[in-house]
Each structure stands twice: as C-alpha cells, then as structure tokens.
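Here's the structure, in structure tokens; my notes come after.
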Amino acid sequence: MLSPQVILLEHTPNPEWVVAAAARLCYSASGVEDILERLTPERARTLVEQLLARGHESPIEHISFTFAIEGISRACSHQLVRHRIASYSQQSQRYVSMEQFAYITPPTIAAQEEALAVFQEQMVAAQAAYDRLTAMGVAQEDARFVLPNACETKLIMTMNARSLHNFFALRLCQRAQWEIRVLGEKMLELVQPLAPSIFAHAGPSCVREGICHEGAYSCGRLTTNHA
Amino acid sequence: MLSPQVILLEHTPNPEWVVAAAARLCYSASGVEDILERLTPERARTLVEQLLARGHESPIEHISFTFAIEGISRACSHQLVRHRIASYSQQSQRYVSMEQFAYITPPTIAAQEEALAVFQEQMVAAQAAYDRLTAMGVAQEDARFVLPNACETKLIMTMNARSLHNFFALRLCQRAQWEIRVLGEKMLELVQPLAPSIFAHAGPSCVREGICHEGAYSCGRLTTNHA
Amino acid sequence: MLSPQVILLEHTPNPEWVVAAAARLCYSASGVEDILERLTPERARTLVEQLLARGHESPIEHISFTFAIEGISRACSHQLVRHRIASYSQQSQRYVSMEQFAYITPPTIAAQEEALAVFQEQMVAAQAAYDRLTAMGVAQEDARFVLPNACETKLIMTMNARSLHNFFALRLCQRAQWEIRVLGEKMLELVQPLAPSIFAHAGPSCVREGICHEGAYSCGRLTTNHA
Amino acid sequence: MLSPQVILLEHTPNPEWVVAAAARLCYSASGVEDILERLTPERARTLVEQLLARGHESPIEHISFTFAIEGISRACSHQLVRHRIASYSQQSQRYVSMEQFAYITPPTIAAQEEALAVFQEQMVAAQAAYDRLTAMGVAQEDARFVLPNACETKLIMTMNARSLHNFFALRLCQRAQWEIRVLGEKMLELVQPLAPSIFAHAGPSCVREGICHEGAYSCGRLTTNHA
C-alpha cells in the first residue's frame, strides 16, 4: 500500500557551519574571512546550540532542504502547500494523464475489511468514470473532477530550516492528520543527522516548549508526561 | 449548477488615496499631515496612474481586499492557495461533515448529456461511499479520501493589490483553467470600480504589456489582435 | 525634540467581525451569507477570544493596518524594514533633498548636557558637509553618505494583525531598542481600541506566554513578577 | 578604498539539475527515481532553457545562494534588506563597537579632491563624536546615532534564484544606485558560471525583455541599442 516516500534531493552544504557563520557575523567586529577561518565544525555546533536556546531563529533561514515526495494523497498536498514560506513543483493533473492513478488508503480504512472493500470499489469507479469521460473527449483537466482526494500526487518541495521548524511544530502534533504527520516524521529523519544542533528539538510545542495550545482537544501527552 | 460566488467582505477604505499618499511620501520633503491635506481624490487618481505607468508597484501593496468565496471545487482551491502572498481560511473537510456535499460540474461535461450522466453517477457513488464509511465509524478526515476534486469548498481570502495584479496576470490568461478564470473575472469586477486607476489594466501579460509567454501554447489572442 | 509620531491612516473595517467570519467558515457547513447574518459583534468578539486562546493565529491575517510614521531615525527604520511580512513606502534620501534634515536625539544623550553638545555639534557638522558637497555638484544620493543614522525618516507601513503580533512580541521587549519600542507602543495604542479581542494580549513573550528567551540578558521583569 | 566584496559561501549543489528535476516532475507520469535517473546534466540544461524561455520561474526557487558581503555602506544595506524574499544576518551596530569604523567613499566624491577632503573630514569628526560619547558612558546603540550612512557593514544573505532574478532586474538597472549595482554585478559573476542556463539572461528589463519602465528617467540604453 502506498505511503509517503521522501528523498532528500539536495541541501545547503555544511548547514551548521553556515548558520554559525551567519550568527557570529552579527556580533563580531572581524571580517568574514577571519570568522570563517576560525570556525571549526565543533565550535559551529556549540554556537548553534546556544543560538537556538536563546530563541534566535533567523540565522537558520540560511540553509534550505529540497525534498522529492511521492506516495501522498491530494488531500495531503492541499495541506502541505498551505505552508507559504516554501517552494513547490507539483505533478499536474491538467497535463499528466491519470489513466492509471495510484491512491493512498487511510490506515483506519485498511484495517477494516468491509470499509476497505467500499473504499477500493469507489477507487475503481472513479477510474472508470475518468476513463469514460476522457474517451468521450472531455479534457483531462475536467475529467479529473471525478478523481478522489485519495489520488496520489508527487512534488518537489524546498523549505529553509526555520520554515521546517514551523512545519514540524504544527505537523508532528498528534492532532495533525496522520498522513502529513508521517511525511513530517520522514522529513525530520532525513534532516536531523545532517544538522543535529538545528533539529535536535524540532517538534510540536509540547516537545519544544512544554506547552500545549490544543486546549480541550489536547492529545493529553503533556499531562501524562507530567503526571 | 454551482459556479464561483464571490462577495467582497471588506477592503482598505479609500484605496487610491492610500496608495497615492504612500507614493507621494517617498518623493516629498513634506510631513505626512501636509501630504494628506493636499491630496484630493482627483489628484490621488492621477498620481496612481502615473505610478503604475512607470511600473512602480510597491505602493499598491498597502491596500488589501478580503473576499468570501464559495461555489468552487477543491481542484480550484488547490490552485488558489498556491498564491503565497495572501491569507486563507478554508472550510475544513476534517471538521465539517460532507454528508451532503455540493459539487462543481465542468461546463464541458454539463454540455454533453452522456458525459454528464457519467459524472453525476460518480458524484452519487462518492457520496454513498462516504456515507457508508462514516456509518462504519471511519472518521470524516479519512472518509473524505473518497470525495472527488469536484467537491465544493468555501473560503475567505485576503490579497493586497499587488498580489491581486499577479493573480489576474496568471489566472485571467486564456490558458488558465476555466474555473479559476471565472473566479478571477468576478474578483476583478468587484475591485475595479473601487480603485479604477489601480485595476484598469489588470489582466494577463498580453493585455498589460503586449507580450505572450505561452509560446507554442499561446491562445493566439495577441497575434489576432495585431493582425 | 523629535520622537516617533504615528497616525493610523486606514485599516480593514470591522476587524473583529472579519476575523470571526473567517474562523467560523473553517468549521461550519453553512454558506457564507448565513454565517455573516448570524455573526453579531458580541459573538464575533467571543469567537476571536476563543480562537487566540487556542493559538490559532491565521485568521487574524485577514485584517491589516496602515500607519503613517514620522519622527523616527534611519537607525530605527533599518530595523523596522527587517520585518518582511509588511509593506513599506519610505521617504527617499536619493530623491528628497536633505538640505535641512531633522534628527532624532537619543534620550540618554539628551539627558547629559555635555553629550548633547557633542551630539548637536556633530549634527551641525553633518549638515554643513552635506551642503558643501551638494554645492560642489555631488548628487544627493552620494552626498547623503555623510548624513548620520540620527537623520529623521518618514514612511507608510502596512502590516496585518498576525505580523503586528510578531512585531509587538519582538519590539515591545525591554531588550529592544528604545526607539522602536516607543514606536511599537504607539502603534499598539492605536490598534488596541479597534480590535481589543485581537490585541488584548499583544506584547513580548513574557507578557503573552510567561516565557523569557533572553537568558542571561533577560531584563528580569518575569522573575520579579514571579517573586 | 573600500568597495563591495562578495564571497559565495554555499549554494544548492547541482542547481540546474535540481531545477530541471522539479520542472520535469510537473509534467511527467513517472516516479521521482525514474526522472532523476534519466536526467543527464546536458538534458537538464536544455530543459531549464526551455522553461525560462516560456516564463516559468517557479522551479528556480528550489535553488538558493548564500553570500557573505562586506565593504558596503549602511545606505546600501538599507536598500538591500528591502528585498523581502531573502534571509539576512547583519553585523549589529548595537553589539559591535564602532570605535574604528571603516567607511565607503562614493566614486563621485573620491574623484574630486575638494569633495573628498570635506568627506574625509566629516568621517573623522563622526568617529571622534562617537568616541567621545561612548567615553561619557553613552551606550553603543545610542552613540551610533552620529555614525554616517557611509559606515561599512557586513552581512550574510541568502536568496533563491527567483528572488535573485528580481534583484538583478531592479538593481542592475543603470538607474539603481551605483553601490548596489556593483554589488549586484559581483553577485551575478559568482552565480552565472554555476548555473549558466538560469542566469544567462539575468539583468534589467531592457536586457531581459527589451522593455524599459523608466519613462522620462530612462538611461537611454535601449533606444541607443535599437538605433
């Protein structure tokens, strides 16, 4: 069954070093070359940790990460592109034929035999309707109106580390939808080893700040941990 | 049949006057009150026309327009929210039950009896599958995976005039999808009377600059006009 | 002596109502007109309070505020324009003659007679150098290289309420520079009566969340309050 | 004499390949791995050229460039940070002592002996005033009010290629101020060899589109070239 697949296509090289250099420049009388020469990887990491502990997030904007994502639904991509400090190139349903569309099955549906049957039958019906419409001469861009939210999409997305922190804060919350949460977890797994000082504490506000904003809708994780 | 409905909820009052005041301030030694006192509505309009003729777009960012939009498909809203210099509040398919979802029928489908039959049958099937899934205890956020792109959505969107110009340039092009083009036309009808000097020349690059970037995919309007 | 002067030029009318309508739409099956009809000002205010208590900030982006600002230094405006989710039209030192420039005197300098003398003497010298350079035919845009950071500037700035919250959070902190803090206080005084439910809790993180990120550099207000 | 110095600190590796992959994904039914495997560097370059010829700029957002800049004035940096789709870390005049500030001399001043004398004298006076104020106990952040626009600053800046195109379009225009134009030229020299297909046609609208928006203020380059 399809699930979010993420490849890290490219990223700013030496991310911790770049962030540390940027942070250091703000508070130093030295020239750029001097700063760069004296900035060892170890020193860079320590600097970044101090920076983030003080809540200074702007220097982490200098590093960006480009992901190739597939195996997500159009429901998920509609949520994803709401993150505005990011760049997207998404597979077009206007230009690409959906004559054999793949689809995402929600785990709660996959877990119930009867629900799964209803779901799959509906996927088959949507494909059939799409095929009949295009066979009648309806353009792809209009035939796709019958395609379901479950339909798979692919995209390439670039976010800088500050926007990623915001993404992880919102989307790794237990209250986020399962699919974008799984996507977020895979993204975090990819970036954390590359810049541990920057992503060590990435996650929802309960993890980062010990605060939950969900009120009556809280998942309770924070209360449980405190108990 | 559903089609894009747009209400202009609110907008910056006296839009031409605000833009003219901002533009005037950049090039004047006078204080703000002096500038404002001497700025008649007629003078403001002339100033804005001169400004835009010279390609100075930044002052029109000061005015913004808030639209309430309904009668558009989720296919359309997915395109819409790709405009990043804007604010959106959209009806949630996670929190709002779709037990009687409305849908958008593409005109090319509505025009063919047979295609319309296939389309409507598929809408009925999608509703039935959604209802059966929720009856089995599947959460709305997962049941909605069977809902079609045609499904109606509602949203409130705010854009400033500069972002609107970009929106009209891209979405009033004949190559844009019909639904977002109709939406764009309705939005333009609403804002043009309020700020004619600002929106007089809004539209695709063929209208604004006499240039078409669509190459082999051009609609040919420009060539025809020039012939 | 010059100090920040702020006029609220225009703003989105009925700000609490617009925000409440946007928030309500997300979670309602009703059409826009229905929602708007039933939304009394009192109901709107309550809804906004609930919204912000849950940390949902996106609907407050729909309302924006346009300020005319004068009596601030170029040092201050350089900080100000670092806020990127905003629009600026600033008096140009390239196009406007600075033959009689006004300037901002920091209170710590105004308070010491001797320092004030040094300061004022230097302002006079800068003006004289500027005048001599332009008299020699040097263009304003180059002559202005001798003008001081203290030099007064004027600008028109538009921010939406979410960006304003961020502005107040950073700039009303005791650690922010005095001039931009005074500016922020005047801005808050102007917007708070217009949308009390939205700006009631605006301010630095110590006020909003009971957290201080300044570490060893903290002003101590939080500790004192807690003691 | 000081002039803009730019180092390209880091950038997205394989920039043309990343852009081509993003563009290709939009119009392909293939999976990501398939697309990547078949994308040779030569094919990537051709794809990017076709893309930009059709005016499709969004895929070039995926690549970003981080510059370390020094030898520019605060006048220049105030213009620079007005580009909002970018990230900045700038040397602080609040935290870094300006006890031996360097400064930028405009070429038109350097070229006139008498003007240069006036200018340099004023730089010395500004330094003296700053030193006297700090010696009297005035904080750096207030003493700096006497420092001139000419004062050197350093910063680290990241822009993606789309924002860079906009930067080059505005700042390589003959009407832009000399200092930011020199900076822009140095930046372009650094990025062009790394991604020739992307930056081949970077520059003002007269170079890119054969259009000048400056009207009566035009430098005349376009008319001359056409004659």
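Note that the chains are named A, B, C and D in the order they appear, and that numbering of residues resets to 1 at the start of each chain.
Everything below uses one rule, namely that a residue touches a chain if its C-beta (ideal position, glycine included) is under 8 Å from a C-beta of that chain, and two chains touch if they have at least 3 such contacts.
The shown structure was predicted, so the numbers you read here are calculated from the model rather than taken from an experiment.
Participant: Which other chains touch chain A while also touching chain C?
Facilitator: Touches both chain A and chain C: B, D.
Participant: For copies chain A and chain B, work out whether under half or over half of the interface numbers are shared, and give different or same accordingly.
Facilitator: Homomeric contact, same residues on both sides for the most part.
Participant: For the pairs A-D and B-D, output the one whose chains share more C-beta pairs in contact.
Facilitator: Result: the pair with more contacts is A-D.
Participant: Counting in whole Å, what is the centre-to-centre distance of chain A and chain D, each centre being its mean C-alpha position?
Facilitator: 30
Participant: Can you give the whole-Å distance between the Cα centres of chain B and chain D?
Facilitator: Centres of chain B and chain D (C-alpha means) sit 33 Å apart.
Participant: Which parts of chain B, given as residue numbers and ranges, touch two or more other chains?
Facilitator: 88
Participant: Chain contact graph: line, ring, star, complete or other?
Facilitator: complete
Participant: Across the complex, what residues on chain B touch chain C?
Facilitator: 5, 7, 9-14, 18, 21-23, 25-29, 31-33, 36, 58-59, 61-62, 64, 66, 68, 70, 87-92, 95-97, 154-156, 158, 160
Participant: Inside the complex, what are the residues of chain C that reach chain A?
Facilitator: Residue positions touching the partner: 53-55, 209, 211, 213-215, 217.
Participant: Provide the residue numbers of chain D that touch chain C in the complex, in ascending order.
Facilitator: Against chain C, chain D makes touches at 73-75, 77-78, 81-82, 84-85, 88, 93-94, 103-106, 108-109, 112, 114-115, 118-119, 121-123, 125-126, 129, 132-133, 136-139, 141-142, 144-151, 177.
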